[in-house]
Amino acid sequence: MKVKVSRKAHFNAAHRLYVPEWSFEKNDAIFGKCNNPNFHGHNYELIVSVTGEIDPVTGYVIDMKVLKDLIKSEIENAFDHKNLNVEVPEFKNVNPTAENISVVIWNKLRPHLADDKELEVVLYETPRNFVTYSG
Amino acid sequence: MKVKVSRKAHFNAAHRLYVPEWSFEKNDAIFGKCNNPNFHGHNYELIVSVTGEIDPVTGYVIDMKVLKDLIKSEIENAFDHKNLNVEVPEFKNVNPTAENISVVIWNKLRPHLADDKELEVVLYETPRNFVTYSG
Amino acid sequence: MKVKVSRKAHFNAAHRLYVPEWSFEKNDAIFGKCNNPNFHGHNYELIVSVTGEIDPVTGYVIDMKVLKDLIKSEIENAFDHKNLNVEVPEFKNVNPTAENISVVIWNKLRPHLADDKELEVVLYETPRNFVTYSG
Amino acid sequence: MKVKVSRKAHFNAAHRLYVPEWSFEKNDAIFGKCNNPNFHGHNYELIVSVTGEIDPVTGYVIDMKVLKDLIKSEIENAFDHKNLNVEVPEFKNVNPTAENISVVIWNKLRPHLADDKELEVVLYETPRNFVTYSG
Amino acid sequence: MKVKVSRKAHFNAAHRLYVPEWSFEKNDAIFGKCNNPNFHGHNYELIVSVTGEIDPVTGYVIDMKVLKDLIKSEIENAFDHKNLNVEVPEFKNVNPTAENISVVIWNKLRPHLADDKELEVVLYETPRNFVTYSG
Amino acid sequence: MKVKVSRKAHFNAAHRLYVPEWSFEKNDAIFGKCNNPNFHGHNYELIVSVTGEIDPVTGYVIDMKVLKDLIKSEIENAFDHKNLNVEVPEFKNVNPTAENISVVIWNKLRPHLADDKELEVVLYETPRNFVTYSG
């Protein structure tokens, strides 16, 4: 009896999308307004889902409070009210697209979960744009 | 041409999370505020999805009105404005966590659907906590 | 330049609607399923709004963190995961309808705000039922 | 590293659900109010998801602007503010149920995506009724 | 102690915006795609609010079930799955813009409420377009 | 017959909250994480409402397309994907709090509306924090 347990979280951040090796013109052609050198930002909505067997005693797959605290310590504390390009080491050489941010989040959470649990990350960059990564 | 058809429903209920065999202190350590012996409650949002082939004449996988009525008769009538621990027999010996509620809902709906249909249940306990069960 | 600043919060609670002086039958006729003696519950969504002049230095009417903490200490700590009828003194002799809860919330918050600020409380009992009280 | 990229879009349309070969009475029994010969309508919310490898240079699976423009040119321009039965050729002989509309949308988008990309369409007919089609 | 009590409801309908006395070209210039002679449609979300004193015995301004049933009998039964231009008499000589629909709804509900109650109607034509009318 | 017509819009931006005359420590004490010198950002949701008489011929208070285009030309083009502190002249000497942004938006829109129309601006900085300004 495998159940997927999902927890919604939130962080705000600034970022800029560009490839440092490219000219400004080429970055502008590909990334448009997202290439603004002065940065822009988003309210990122994050849904982290953990799939596994229900514990027959507690009725939990994972304690939501444990999951909530894990998201806070690993993701919100690292990303919230930050400039992703400037202050988050994972994006030193990685363009902080929604795709790449979702992979970074997945990689940061995965070691903290038991091996028999599956992990999925959904990241909303805006209410109309979002990505899903499952490893 | 398999399509998944989803219908959103709603019920309000009171519940308490605890393991009767445990001391109050142990329940408090695991379930925190959810162990309140006087109960607390939620607006549960429920999404029931049925997957199957499109009927080539009607264009339906399943008539939404049929699905809506099934959810009403089997789930809303049994759970809405109820105390899950006290009044719903399925939780007499089962802790009414979101995980267990989703499994109970799935088990109550499954016999009413044709064998070639797949069933998925998503249950929101709060806007930030939800679970998914597919059998 | 008066601006209204609004902060959304959340608490879960159990309650029962009834008039103790009435028979069960009369309560049943008026309050229906909400009169369940075993209680039912809701995810209450709360929007607290404070209206006042913008501070010309900070640009704040009220610091959102201050407002958030006030809602937490006065309302969430008192109501969250509680049985309103049994555990919240304000409802000892007051029926915990959404209307009455909104007035109790307003009365609890009002003394903590400066006299030149206006206060409004919006309380969602369900996504489809909500009330507004402004004193 | 496969990521699913999702874009939300929107169109309004009128439609009628019925099988032309059936009597009005039989259509009425199956489709109820949706069989109104004068039509009714919906705000359709559409989520189009494309799954593929992240481009190691740009960090994109697909440029959201490209996906947004594709949905606009292929779907919104064809369906928005239209009468699906009368004005959209794909429904000349196909009942415009949510299921069939999702298949038509998928078929219209599929040729515009690279072969190594997967496509999923979610279509909300109302906030409570929606369908998912993945080919 | 005046409280505003709000109830959310829903109906789907087809409509066309145009002034019969104008040429098609003039209607096209003013109403654009909304002037489609084959109609288009919407999921209208409706919020009806009633303001009044809290009854000191029941704790209600108005019983939500009474308000829900009133909206169903007066508005949903009249408008849901209808063609507003063709089938709703109030729009025989009135253009069914969101503004005019909100006034018609207000006029239909007002006689059913006590004189000391105030009435407000909010009507969402789409999630991004809505109107408010208070008489 | 005055009706309020509301249109929802959206822009993303980076900002930093601080008072240049203050020390970093004082700014940190008042603005906390919002004082990050590397900026953070938000998805701002904007609701612009115009109140006035319904035109008896068209049934419009204001054409939604006109309102949508006005918001685009005056607000979205000026703020979207921008750094409010660095790139928007109105915030050269004004701290870009939600309160101040709502006033700036109101002041930019007001001259474009007829004198007999009233204007209200609601600005969501996050889904839980928002402000309202009516002049």
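Per-chain numbering from 1; labels A, B, C, D, E and F assigned in written order.
One rule holds in what follows: a residue touches a chain if its C-beta (ideal position, glycine included) is under 8 Å from a C-beta of that chain, and two chains touch if they have at least 3 such contacts.
Not measured: the values here are computed from a predicted model.
Interface subunit C/subunit F: under half of the residue numbers present appear on both copies, so the contact uses mostly different residues. Here the spacing of subunit A and subunit F, counted between their Cα centres, is 28 Å.
Work out the mean CA point of subunit A and of subunit C, and you get 34 Å between them. Across the assembly, subunit B contributes residues 127 that each touch 2 or more other chains. Of all possible chain pairs, those that touch are A-B, A-D, A-F, B-C, B-D, C-E, C-F, D-E, E-F. The touching residues of subunit C, when paired with subunit E in their complex, are 17, 19, 30, 32, 94-100, 102-103, 127-133. Interface of subunit C with subunit F (complex): residues 1-9, 49, 54, 57-61, 63-65.
Residue ranges on subunit E touching subunit D, taken from their complex, read 10, 12-15, 33-34, 36, 38-43, 45, 80-83, 86-87, 126-127.
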